[in-house]
Amino acid sequence: MSLFFDYTLDGIANGMVYAALALALVLIYRATRIINFAQGAAGMLTTFIAFSLLSRGLGYWWAFVLVLVIGFAIGAVTERLLIRPLHGKSELNPVIVTIGLLVVFEGLAGTIYGNASRGFPAAFSQRGLRVGSTTLAFSHFDVFILIAVLALMAATLVLFRYTALGLRMRASAFHREIAQLLGVRVGILLTLGWGLAGIAGSLAGLLVAPTSAFGPYYMDLILVYGFTAAVIGGLESPVGALVGGLISGLVISYVGGYFGSGLEPIGALVLLLVALMARPEGIFARPAARRV
Amino acid sequence: MLEVRDLSVSFGAVQALRSVSFDAEAGAVTAVLGANGAGKTTLLRTLSGLVKPLKGSVRFEGDALLGRRVESIARLGVAHVPEGRGVIEELTVEENLRLATLWCLHKRERQDAIAEILELFPRLQPFRRRHASMLSGGERQMLVLGRALISRPRLLLLDEPSLGLAPLVTASLMALLREQTETKGITVVLVEQNARSALSVSHRAVILNLGQVVVSDDAATLAADDALRHHYLGF
Amino acid sequence: MTVHAQTALRWLRLPRQPLLRHLPVALVAGVVLYEVTLHLSSYDDYQVGEIASYVVALAGLSLLTGVNGQISLGHGAFMAVGAYTMGLLMNHTAGNFVLELVAATGVAAAAGLVIGLPATRLKGPYLAGMTLLFALAVPSIADKWPNTFGGDQGLTTTVPTAPGSLTAEQWLTQIQILGALIVMVLLANLLWSRYGRGFRAVRDDEIAAALAGIHLVRTKTMAFTISAGCAGLGGALLALSTGVVNTGEFPLTLSIQLLAAMVLGGTGTLIGMVWGGILLVYLPQWSTSLSNGFNLGSGGNAYLATIIFGVVLIVAMLAAPNGIQGGLRWLWAHRPRPGAGSRQPPDEVSTDDESNATERIRRSDAKTTVEA
């Protein structure tokens, strides 16, 4: 029973990271109907930049914030230069472009930073929290993950629901043409959407780095787990990203725990297949959602 | 005043508009009539910037419209209510209206403007904070008309507002349209398949056939000309 | 004749005309290539063989993505399935290597069926994501059971003895080339048959195809299965030629490189896959010399090749979605002719290749704007 509890806590912590990546995918999908397969790799690249900065002595939080900004920039530039020209053509083309970008980022990281495995420092202690006489499988760093991702989610929801900018972004995502006819500068908002997604992706990269084998490919699995989370939650819903992330995190944690580590990708694949067969539109699908 | 000169649009091999020229005056409704596929919708989409023409010129109160982005044409005071109404269903009624005010009104003025429109269309009041997907056809038409009017447009382009609406609803909307046009001095271009109701509310009428202007006259004169009506408009 | 014999004959009765056209071309190519292998150095033979194996896998991918419109980011994994099957059979059975190749193809095709069935419900990006996850999951199976699958070292394959005076290298290369020719002829015939028309119809408009009586699930699954079988065969052939099978050979980047090679070669074409194979085999070498120029070190070579593949994908999508073969066909169609000006080739081009999805979609773009 205590194993179950441990796996659950582990699943929650991991699930939050998947949720962050899922949020990035949701933001982009809502705005441009594209899955940005390069999102994980972009997060990886910015985390490598953080690593460089930290090795040069920059304070952790300075590096943290700077890297989120760089993530924003990468996302915005990607949309403007690579995705915008493809608007209106086959829906396969942007998919392939983001895949190309994925390998370019991984290649860049590998070329610049080389092959050697590194450790990425954690902002907080990774030892389990002590509650009374027991040590939980939930560390200070895990608490940080929880707070950081929840804060990001809250900020996103506030942005979308209560600000004029959020209204414009939602309108541009739901019905680009009508928004244009109402004077909304849709182009800039799309770029902004990709930029915000970049922030979420960078955050995911920073949160995962301390606990993983930190190399150019470390975000590959996080990307597909985040994708699974986004699909479960419904690709249109930030709240769905959170819920989907938690579900994915838990399922993957249980699979790894009870069936042996190394089988998590299979577990995720099965979860994804089940979700896609049972409810492809996701849990939080909008009934009046725009049909492609 | 809207001046359209020699407007030509083609989609690949299909020529949708051929050298279309006409004028529309301020404070008046100009109807654009014709059969399905005559080019009426293409005309409006070209005016609002959604479609780029091959050649021609469009001037509205001194500003050239062609070649600008859709958003910037809208910000000149051009409101296009497209075919199918274009209600954003995922937003509430209030959000739909508020969206239209973001570029032209200050924060303080927005609430008042929304209230004004809801007075104009009391049917929408109960749906203020509900998703626009809940609205009926007639209510949606009110919403998009209100959304167009809230930005105090100088040029209003309406594409088949009566489509799918009951005659009574259409009549009351048309009456409201005429009244707003005259009191606010808006230039209105009204595309309609329902020529009868369009002629009853318009001051001038233009008939398109196969992308060309075949008739351009006062609405009253056209309505009285049986032969012309039968030939082009079917009644 | 018995019912069974009749059914068997019906299966064998490929459309006659295309077969008569494709076979001679393949035979001539086969003879030419045979001669070539005898005169190349051992290393060059090895590379030609590699290209042939990749062509097999790429042809399947081109069928799936270009002709049937289903994108797959998991074909590296299907190659792994074929390669590992080959490795396991060679190590645990004493069968004929041809039978083992066929078995590897079959197992990979079965895997394709398993993935392809749920895939029929997915569109574009969803399908891409699912196959991406598949590509990551398959190697983890091999890692999980290192005893069966050979762990880091992997499995070794035995080289079949070369007949007559051929060297081992020449024999291996010829096997791979033969495999490629057989697959190309079979796929070319398939594309010309009603099945091929079904694939294209489903790609172009699923609803219209269904209304025309085409069974969507069956068609899409069939394309997936065949495509996976081709990838498996390609992987098995490569396993035969390199002599070893381990998970390091089949990372996610392989699947993406296959995609890049297919796009560059010409999505939806078959002959174009030769360009793709050349890219796959020679790009890493070329990038190695490039990276040596930059002094990037051993890790840097592989990464530089990866960057270039990615750039190829991006640039191709933005500037040249039809790839090399598409460009060549465009040039051929617009070549200067005495008398009449250049005319547009018909939709069903009368070669064994296929007009690709992006071309079709560009034409349908014109359609959608007219609805305005």
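Going in written order, the chains are labelled A, B and C, and every chain counts its residues from 1.
By definition in this document, a residue touches a chain if its C-beta (ideal position, glycine included) is under 8 Å from a C-beta of that chain, and two chains touch if they have at least 3 such contacts.
The shown structure was predicted, so the numbers you read here are calculated from the model rather than taken from an experiment.
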Just to be sure I understand: the centre of a chain is the mean of its C-alpha atoms, right? Then which chain's centre is nearest the mean of all of them? A
With chain centres set to the mean of the C-alpha atoms, which chain is at the far end from chain A? B
When the centre of a chain is set as the mean of its C-alpha atoms, what distance in Å lies between chain A and chain B? 43
Just the number, please: Cα centre separation of chain A and chain C in whole Å. 32
Between chain C and chain B, distance of the C-alpha-averaged centres to the nearest whole Å: 53
Listed in rising order, chain B residues that touch 2 or more other chains are 50
Which positions in chain A touch two or more other chains at once? none
I need the residues of chain C touching at least two other chains; which ones are they? none
In the complex of these two chains, what residues of chain A are touching chain C? 34-35, 37, 82, 85-86, 88-97, 99-111, 114-115, 216-217, 220-221, 223-224, 227-228, 231, 260, 262-266, 268-269, 272-273, 276-277, 280, 292
Can you list the residues on chain B that touch chain A in the complex? 48, 50, 69-71, 74-75, 79-80, 82, 86, 88-91, 95, 98-100, 102-104, 131, 133, 147, 151
Residues on chain C engaged by chain A in the complex (per definition of touch): 65, 69, 71, 73, 118, 121-126, 128-130, 132-134, 136-137, 140-141, 143-144, 251-253, 256-257, 259-260, 263, 291, 296-297, 299-300, 302-314, 316-318, 321, 357-358, 361-362, 365
Which residues, counting only chain A, touch chain B once they are in their complex? 164, 167-168, 170-171, 174-175, 177-186, 286-290
